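The structures considered in this document are given below.
Below are two complexes that have chain A in common, paired first with chain B and then with chain C.
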Partner chain A sequence: MQGNSLRRGAIAGLPAGSGGALPAVVLVGLFFVVPVVALLLRSVTDPEPGLQNYAALFGSGTYVRVFLNTFLVAAVVTAVTIVVAFPVAWMLAIMPPAFGSLVFGIIILSMWTNLLTRTYAWMVLLQRTGVINRTLMGLGIIQEPLPLINNLTGVTIGMVYIMLPFMILPLVGTLRAIDPMTLRAAALCGATPFQAFRRILLPLSLPGIAAGGLMVFVMSLGYFVTPALLGGTSNMMLAEMIAQTVQSLLNWGLGSAAAFVLLVVTMALYALQLRLVGAKRPAGGL
Partner chain B sequence: MLLDYDRLGWLRMALAGFTALVAAFLLLPVVFIVLLSFGSSRWLAFPPPGWTLKWYEQLLADPTWIDAALTSAKIAAMAAILAVIIGLFASFGLIRGEFRGRQILRGLLLTPMVLPVVVFAIAVYAFFLRIGLAGTTIGFVISHTVLALPFAIIPITAALEGFDKSIEDAAIVCGASPLQARLRITLPSIRIGIFSAAIFSFLASWDEVVVAIFMASPTLQTLPVKIWGSLRADLSPVVAAASSLLVCLTLCLMIVTALFRRKLSR
Partner chain C sequence: MKLILTGILAGLLAATAAKADEMAFTSWGGTTQEAQTKSWAAPFEASSGIKVLQDGPTDYGKLKAMVDAGNVTWDVVDVEMDFAIKAAKDGLLEPIDYAIVPKADLDPRFSNEHAVGSFYYSFVLAWNKGAVSGDTASWADMFDTKKFPGKRTFYKWSAPGVIEIALLADGVPADKLYPLDLDRAFKKLDTIKSDIVWWSGGAESQQLIASGEAAFGQLWNGRVFALQQDGTDVGVSWKQNLTAADVLVVPKGAKNKDSAMKFLAAATSPAGQAKFAEASGYAPINTKAKAEMTADAVKALPDAHVDGQINLDMNYWAEHRDEIATRWYAWQTK
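Our next item is the complex of A and B:
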């Protein structure tokens, strides 16, 4: 009785209990769900009802190439990010906090710095007459400037730079949750460091790698700014193509169809990622 | 032994070296842009032939840059305030409410963070064109609030989950009204979460490029749109000056956050 009335009393107050989500639902419903659904409807009604936009999308060599290139870039970026992030996360997970917090500070600084600023810096660094080419030529390592920008190399460097924090930070959590005793036990039982890494450390951190990797892959698939500035015209990515189709070609039907494809792929992978992460979470937690 | 820092042996040197390299990689562009903004070379040669402040002078003398920065600050402040208030109510609903579909609702409210921004950008642009909000401050604030909302909900729900509700109930038993208990007990207890929510939702709007590119009009553009336009034209060192000021702002924000957290968690 007492508990019951208490609970009711608490819910009646401000901010209200179950009703509290109402403003958020109205906001997201009206200005997110409605526009997105309207856009998707447009893909089958503009300029006339039918599936001709999807036929055009998958029938044209140009758009299919953009799809393939988008997956290629996202896959390369994810692979490189995982390989670079793992040792760093490993070190951060066990490092004394004094040095660790310095590295964390640098990660946060790069993550919080304006996205365009970071991309601009890479444009300047990677350009034909940029610092990297000049340094390499000055050292006599190369004779001609390397093509580092407006191609896959440029996009990969710029994207890995942006994605690294999103991979490192969750991985540190995964690695810290592993009991060091398991690895001590392996060593006591005669495992070489390589065996212990391959048979114990790597399998135990795999859920974190998979979850983080999927997140990086999904984010890369839909990325607009960095590929648009560091990539070339020959290897355009889906997000940039969608923007161009709508903004320059004013072809809303086709752009909406491409947006729908991106949405479906993203959401499917996101659901997969939630399952991976969700499995680790204690039941009942939000 | 692989997770014992003191017993890693040679691996420790290898890992430490690699971590230092990656840290340098992460720091390099930021430091580099700040150095270049003081360099006198129009073509961004490095090391610069000389040092100058002229790019900063050009930047500050150009009213379009100042306007863009003020517009960004205004929109980000409004979007952050709205996102935090709406997110606070939503978090109470999500954590305290007992209704079916809570998880689905949470998923829905967090979707704007997951969906590729370009999809939302053209969707909301088309929608706002139809209802006459495209190219307006209100349109900007609404679309940025939608994007910032997940960044407000995540830290506030996390803080609320960590808060022991029986303390609030105790206040009510001791005679506080539910409203008083929430305002004077619960809100102060989750203030770190609210503070993080404010910072993150401000940054979500302040740094947002894609929606802004579509939403901007010739008379209304945010700082990222202005930078985007300059980058597409040429790699002018004025952008380096603007970027350095943004880096400076990020550093200030980090320091304020660290100080605040220390003070609040006492």
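Our next item is the complex of A and C:
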């Protein structure tokens, strides 16, 4: 926190230094608040004023199903991402720094590769005639190709891969801040490694898991390319459905309503998470 | 130095001058738009001096947004015919100026007041010869998972084609297809639902068949043609091939309407249509075009398979687009 000496010239009622934030406020207003308001307006005015778009949305079994499916996929992806990311983050946290940076670099590098390219790569690997199935069948481990694509499995694999860095980064920060002595102390007191993990490491790393988990969950909710290419139609997510509604059926009112409901639910979840985790800020992180 | 400056100035002047004679053409990208650029835009630029800027891919939402906002940057757009009929009804399109676009030789199936044919195509049954034992012959075979195991691929979006295929496979006579019996179609599709892999673009349909990921499927004939040209071992059945068309439209309020009409005249001319058909394997909508094509190219056209050919009813689809789409996505996401 900056001292009171900086209060000179501050606008009454606003925290010190608010003036410098003006460009950011304008930017957020122009590019985030205005479009969201426009979206909301369109959902209650297109094609005519009223709530008919929302009635159509909740009255449609299709939209409700796609909504539920969207949250299911996001939840599964988040859970699997946490499980996969934790050991990696832990390894990074306890590695010698030089080696750790190298591994870190490799993880970051994957984020710089084009999303579509990475998704197509997964298609080549996961298809019935893909590398994985061919290899397993060649080795005689399986007779029939495993259904790895055009279903929830495919979507989960593809999306977890993309989301991993967003989980690992905040987790490493949290884990690095944990004093290794606490684990040694637990061992000295007779705790098994699992007990030490469950009662010391896990609770202490919760803020990192919560921060990363929320980010992964919210990003997953809006995903388009990966579910469209690796999922089946029964795994259709909301973004793809909205795109169809707007681009092909030209029903902008219904598309806006769907987008707005997703936004509201996401913000509600965010608020809930803030309450549950409390005001505790995650240590480290991005 | 002076020379360079003069050069730059001249260049700038030329650029401003050219700006008055520019228009934008939008299509679906890929091999189709390449063929359109080569067969239509290039000769048109040479003869008229009007520069044709290529844009894409076609996006109906964007088209509507441009018209609604009164800022239309597309002058000619390649769209599916059922969309064109619906869009004309919604007031999104300029009428075609048939004083500039000669109408006499155009196939009347694919041109109307607000749209002029771009090309027409057929949905055909294609299969990977390595993945299917024996030859599949009819749409009914696609629903016979015992005789023909393996995945089958269909067009993912709600559009003319798949519903009709299901009904034909279920034994509905071709002349009794419309009005579409959606209940019956979805019931038939239910029988193979878990064996369907959906394709959402032409390239994807080619990849699925070429790799054998899907043993067989419903493909655009131009895409099968391209696979065969590449030497892929695919079989094709034209039995009950289903025709549909792309048309060219001018969005309401297009800035270069006059140039657009002249472009349409060139694109639908016998020469333009013949060149495009030879490059793409899709069929010309100008009845005089075939006379200008090689015999081999003519043989690959849907025109060579009119026996048993079925015209998908674009007017029916334009009228029931939303209703069918609602049912379609409800069924698909279930």
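One rule holds for everything that comes next: the second predicted complex is superposed on the first by the 235 of 286 C-alpha atoms of A that agree within 3 Å, B and C clash if a C-alpha of one lies under 4 Å from a C-alpha of the other, contacts with A are read in each partner's own complex, and residues count from 1 in each chain.
Just so we're on the same page, a contact is a pair of C-beta atoms (placed from the backbone, for glycine too) under 8 Å apart; a residue touches a chain by one contact, two chains touch by 3 or more.
Since the model is a prediction, treat every value here as computed from it, not as a measurement.
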| item | value |
| --- | --- |
| Partner chain(s) touched by A:L250 [first = chain B, second = chain C, both, neither] | second |
| Touching partner for A:L109 - first (chain B), second (chain C), both, neither | first |
| Contact breadth on chain A, by residue count: chain C or chain B | B |
| Which of chain B and chain C A:P180 touches, first, second, both or neither | first |
| Which superposed partner A:T129 touches (first chain B, second chain C, both, neither) | both |
| Overlapping contact positions on chain A, where the chain C interface meets the chain B interface | 127, 129, 246-247, 252 |
| Chain B partner contacts - residues on chain A that touch it in the complex | 6, 9-25, 27-28, 31-36, 38-39, 42, 84, 87-88, 90-96, 102-103, 105-110, 112-125, 127, 129-131, 134, 161, 164-165, 175, 178, 180, 183-184, 187, 193, 196-197, 200-201, 218, 221-225, 229, 239, 242-243, 246-247, 252, 255-256, 259, 262-263, 266-267, 270, 274, 285-286 |
| Parts of chain C lying in touch with chain A, wherever the complex brings them together | 59-62, 64, 90, 151, 156-158, 197-198, 200, 211-213, 321-322, 325-326, 329-330, 332-334 |
| Touching residues (chain side chain B, partner chain A) in the complex | 1-5, 8-9, 11, 14-16, 18-19, 22-23, 25-30, 32-33, 36, 43-46, 86-99, 102-103, 105-109, 111-112, 114-127, 142-143, 145-146, 149, 153, 157, 161, 165, 168-169, 172-173, 177-179, 181-183, 203, 206-207, 209-210, 213-214, 224, 227-228, 231, 235, 239-240, 243, 246-247, 250-251, 253-254 |
| Partner chain C, residues of chain A touching it in the complex | 60-62, 65-66, 69, 127-129, 150, 228, 232-234, 236, 241, 244, 246-252 |
